[in-house]
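Here chain A shows up in two complexes: once beside chain B, once beside chain C.
And then the complex of A and B:
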């Protein structure tokens, strides 16, 4: 009996023990399953965090070059200086004050900020505050030296230096709206930096190293390094020189004409679609994209100002040539003419009568010329930019044909240029286009397109009819210079025939030769068309009158065009607002600089050669009589200062050029007692003859810029040395002339 | 041990079966070793010394290896920290080089050159001062005797 009881006891004990073992094993298994399988990844990462040191290495951003491989944007190491204000609070009151004062003194000297601003950083209720972002090594070194000098106060515990990257734009404002800029995390925020962000960014690398018992990493022994792969670089179609020329003259025009809504200029190769220059003024410095221009700061600081800083910043970053639409005005007549000639609706010698007004479906339209042009042919209608003739031609085309060509010229779709924020055009769709809409559209009003759409379409009209896709990036290269991708010209379609294109070139050449003389460039055949469009919607919205957009679309050399230039000045508020007087001179200046640069040799006419400037000869040590004779033979006049026999000094100096009848001052004695300083007069509004007289009276020489051929009626609108500046007698002042007559 | 009680005269009861048996330890077999000669004894002694020396030398070798290993690790660690330092210097100098390059590019920009030229009183060339020279497309060189060498005649 006792034996049986023992056996039962034993069985019970075994069962209980087994149950306990199974229970604990099950709990452990469940727990292990949770840790190893369900939370496996989390646990693994926690373990890795504890045992490994894993750091991402940001990839250097790719560079941006112009078409001649001049650097436009590059990234490299910079430093962020930060402060840990809460750390200072652990000190005694007395020591706190000493540390704060010392830090504020150091920061104010190093970062050139006032003491109070610097002191305010130390007062912040935070663990971490950035004092200065993206400073150069020289500044970081100054901070290091400052910390070392104050090691007794232990400032290094409260001030830190972090390594970061900085994007450099060495040419500052040059092509800023095209290039764009990057944000704090090195990501592209606008322009090409944004459009090609993934190409430029590259692939980040990483360093994984084991941590030792103290938690610090053990490089080399237990370390895996994945090198960061630098982003690819962009090679643009833009040429820095052409871009500089475009920006220089555009800026001058915006300033002289007091344009209140900026200006844009696009220069494109009509045969490839490559954009050689794209300028917008006012623009910004991409090294400091959040800094407003002085004028904008002034506007913002006005008491009754309705604009915000963000609005002004967005405006200065905006690429007006791509992201803004406008009514092209008479420049669009190039396209209406192309449609009409292609459809045989008109001929170059087809005659029309302009009686100043024309009625379409009860709506009256006026010609810009008071009294009308009278009888004229189609070519003359283009030269005179006659609205009634183009309305007539438009009506003959009809809404269906007009809309077909409007679409074929690419106005109904974006151009597809590789820039962000391309705007969509606003226009009358065929089913909603009546005779009045067709009438106003025929001369470029009541619809809105981008300048980029216009230059692409107008280029198609003169290049044989081929509509091309414009582009600004010609190549993408890796960091070893291998070409990853290159852009070829893309023909979208042929819109008009070569014959029509040739006729258009003939018309546009005549427009500049006989109409828009301000676009004339000595030695080169230039063709083009001006435009002056009213900003009807803006005037209705604001109640303000006289808001215009002045533009000019030019081509050169017109017989076999390569270059197209579109200049557009938004809301000029100066003496004039016509495309022929505001925009055409800009295109002329640009073309006269870039055509020789592109290798086009000028072919001067007899009249142009007659107006050529004369090189001043070397007169030093010659007798006064010989000098006078030599200058007279060159068509120059002379003024003798002193009573000596020989020339000891001359103004202008040897090699300088003067216009015919220019004056050379020769000095025969040392002339300390002679007044050699004169004041530059204000030449604005003067004709060539008046300017010559004024310059002569002031003892100055002048040089002409712009069209000053006989009978041009040109008047001065700007000068390179400002009025009332004191200069030496004989100094040459360049005066910019333009035709005073108005033509849209 | 008195075993007399296990002896009796009866044949039926043999108490001798229960008599404790005396364990006889086997007699050790004495093997006579050959007598050592003096020469052999010396050899044995030498061998003993050699063994000890080997052990000592092995020990020393192992200690020296451990020391060398530690020294090499220290050296590697120092070189590594030097590499890290030099890499950091290189990165800083590279950044500085870029900054200087950028300053140079900025100074050499068309805008700045034009402004500097204007400040020095220089002017844009007049059209009359530009002479266009037509260059023959063929590459040629002139030797010291004045002979014209082209790709065709060379």
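And then the complex of A and C:
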């Protein structure tokens, strides 16, 4: 019945079976070996190329602190918003359109861009595109909320938020040229941010992740994480208060003197080289480094403007104190004097005769004083800033000795300060220096150095002869506060002896006492030297006349100097252009603020005490009689407003200081009457006495600032409340005085 | 014994012990298949369905149903199929016709492969393979000797041609090739004369060459172009092949380990379907892949052994047809996945996702087991 398979069938079955087995195993083995073993490495690397995404996790950038650990720069969390357009392509046409439109609508609202721009992101042929970098948490939260609202469309699959950091400078412009700023990827682009970039940056972490074809991590995918290591922080030698004071008065000077090429001010510890303040005006806000000042914008918008935006940006970022060179002018006489005294080619009381002109190798040089100084000793030559005397002394030194000291004072090399872009000086090499080059060099012309080089050299001249390496960063600390590195005072060499240094201090003290009274600070001994250098090359190049750099190099306390202040104002175009009238008052204002701050007790002379300020007592709730008595005991006058019995308000308020003879207004009734309002007069050009009278007449109190030494020809040049402002009676107006000398 | 068996011939139930070896191979392949399906599908499943277990859950349920069905069928006397052979053939041809009329179910336009009955979707071409096995086994077991006459050969080819023609019209090239190959193998085993074999082989080669060079099958020739050089369009037509090769190549000798495939993260499109073997290679390496290939060969060997020892020609031919179908499909799948032949869209038995297909496959394995109960294979 049932017929079984015959032999032929069985044979054929076996043949077929064997062919299947042999074909299957052999072909598979050959093919798989080829792909998996022979081509294996190539396939694997191709696969890895598409699967593995190496994502850098930026390390939090280190902070920057001032010497009192006040924050100057820090990194805040910010967010990067990105889109994965390729993921959208997997959807159906209809859904794609929905998703794209929804994303574009959301983006245009959140980022305030137009719809088409936003839509263009969704059309990109890529799996990853950054929509917006460095947005704050509020924006990131908006994006998150938007994604949550649209969870039905699954937008979270195509829009991502990455955490990054954003640099923040809480004090805005303060020390901006020193701090510098960072770029889009938090890389330091200028200043300390650039110089210490690797220290601040830390070590970026990495996430090597296998991602799927849509470009996103799978929740259970393979991943290697290398933790990011936070960057170290910088602690500066700069003190925010000193920096603030320096910037305040420098800015005022740049404005009042209409300086067209900015100004710089460096404050340094004479004995350590630590920079306590370094100001440049105009500067910029490192939070918005690409924003120009209004004045610059105006300059740029002028029709025939020859400058470009980039030039102006580079200028505002430039640290004038370090990156610009200038001819120091008469300030350099400090160094010529130091050389001459050290080499004994002169003595303090060595007598000279200045006959207005002096000839060197057939070239005539003039003293700035018409008719010359006549007979004077070396000390007086410094006070009078007499060029012929310094030319004479220079010739006595000779080119080789001059050059030796020039190099010894560090003018031939960069100071090595820890700031980027330090400029190289331009000067006459000894073998190229003849008598005329020596003559002009003796009073600081025909060579160019940086302000930083000058303050370092001049400090050496007065600190006992030690040339120091200036520095800005005192400590590098890690994120746990451990000190990684601290800067020690670095003495490069001793250039002159302690004896010479002492003589120089004496000379420089005399210069301020007898000559540059605008640098005088009541209660404190200040020494220094002014300089007014002609910008000869610039004037020749532009055909413009009257381009000067006015500078002052000061030290305090001069008997045992600790603070060096260098002020230089580039191209003042105001009423005056002398170092003594433009730069010296700035140093005086700065020193009178920072010396008490640094703990120096003032020691007033009797004359100074006469003008000494009085602290206004608290009169509130006292009877009018008691108040009057108390004030007259202090030497103050009184004006009573209203007919009440008790004082309910006073001006100036309790704790303010007033000059002797100042007036206190006491109010006995609540009143806002017209007669309590007064107009601030224009004090400019007044002497101290005239200003006093004018203030009394207007019912104002005044505070003097700057040079008010009696008998000097000091005149008011600025006031803190502008003329014609309406203020309450008794308000205190600060008036700045300077002597209108013509000495350089 | 012999007496008792004869007595039971007309019974619905099948006596005798089933072949444990064949059953073991089926269950081993099924188990490995399920594990690999889970591994290959979970990233895809998570991305598109928010749930990693969707595919393995469904496939497991079908596997349980399939295994139960397989064991039940193994107890049924397979001769019932012989009686129903013409009915099966006619119903199949009917369904293959209907599928061409119904609107397409998949996204691809002009591709009509699926039918839905009571919520279950299946491909009538799967039934087509079975119908050819049944009708050929039934006819040849009785009329094998008639093959000496050409008109009977032509008759057989007509039966085969109708099914192949309907399937190729879907179009479903790989299924057509499979069905055609099954028919030819059954003809050869069933007693086709040598000269017809040689003539057929010659004609076949000529036909293949004609198809390749004439460009008649346009949807195939494109595939051939990107088969020869998939890197010509790496993000388009060559994408699937390249991703498959990268997965296989990443496996190396020992593989990345189970669950460690990276290519399954949406790189290989639909890694749970036709290209599951590339993920198997990536995770299990050359050695693992060869073990699976050897398991398929072992299944073929055991199935053919059952066929040779079947008590009648119907059993022999049925077992050959069903086993050959599994073996050939596995070969073709692996050849496609390794880009040895052009991509034709063919799934890997026991591995690829597809509930209905798995149930049908296991049911067919049940028939082979039913035949094994009658064979004089030594019982355990």
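Keep this in mind: the second predicted complex is superposed on the first by the 538 of 744 C-alpha atoms of A that agree within 3 Å, B and C clash if a C-alpha of one lies under 4 Å from a C-alpha of the other, contacts with A are read in each partner's own complex, and residues count from 1 in each chain.
Basically, a residue touches a chain if its C-beta (ideal position, glycine included) is under 8 Å from a C-beta of that chain, and two chains touch if they have at least 3 such contacts.
This is a predicted model, so every value here is computed, not measured.
In the superposition on chain A, A:133 makes contact with neither chain B nor chain C.
Residue contacts after overlaying the shared chain place A:172 against chain B, while chain C stays out of touching range.
With both structures placed on the common chain, the touch criterion links A:229 to neither chain B nor chain C. In the superposition on chain A, A:414 contacts neither chain B nor chain C. Legend: residue contacts after superposition of the two complexes on their common chain; A:71 is shown touching chain B, with no touch to chain C.
Once the two complexes are overlaid on the shared chain, A:649 sits clear of chain B and of chain C alike. In the overlay built on the shared chain, the residue A:601 is in contact with chain B alone; chain C does not reach it. Residues 219 of chain A touch chain B in one complex and chain C in the other. Note for the complex: chain C touches chain A at residues 43, 46-47, 141, 185, 188-191, 245-253, 260, 262-263, 265-267, 281, 285-286, 289-290, 293-294, 296-297, 300-301, 304, 307-308, 310-313, 316, 320, 324, 327-328, 330-331, 334-335, 338, 340. Taken together, the chain A residues at the contact with chain C in this complex read 2-5, 8-10, 12-14, 16-17, 20-21, 23-25, 27-29, 31-33, 35-37, 39-40, 42-44, 46-47, 50-51, 210-214, 218-219, 221-222.
Contacts from chain A toward chain B in the complex involve residues 70-71, 74, 76-78, 136-138, 163, 168, 170-172, 174, 219-220, 240-241, 244, 248, 522-523, 596, 601-602, 604, 612-615, 656-657, 703, 732, 734.
Taken together, the chain B residues at the contact with chain A in this complex read 76, 80, 83-84, 91-92, 94-96, 98-99, 101-103, 105-106, 109-111, 114, 123-124, 126-130, 132.
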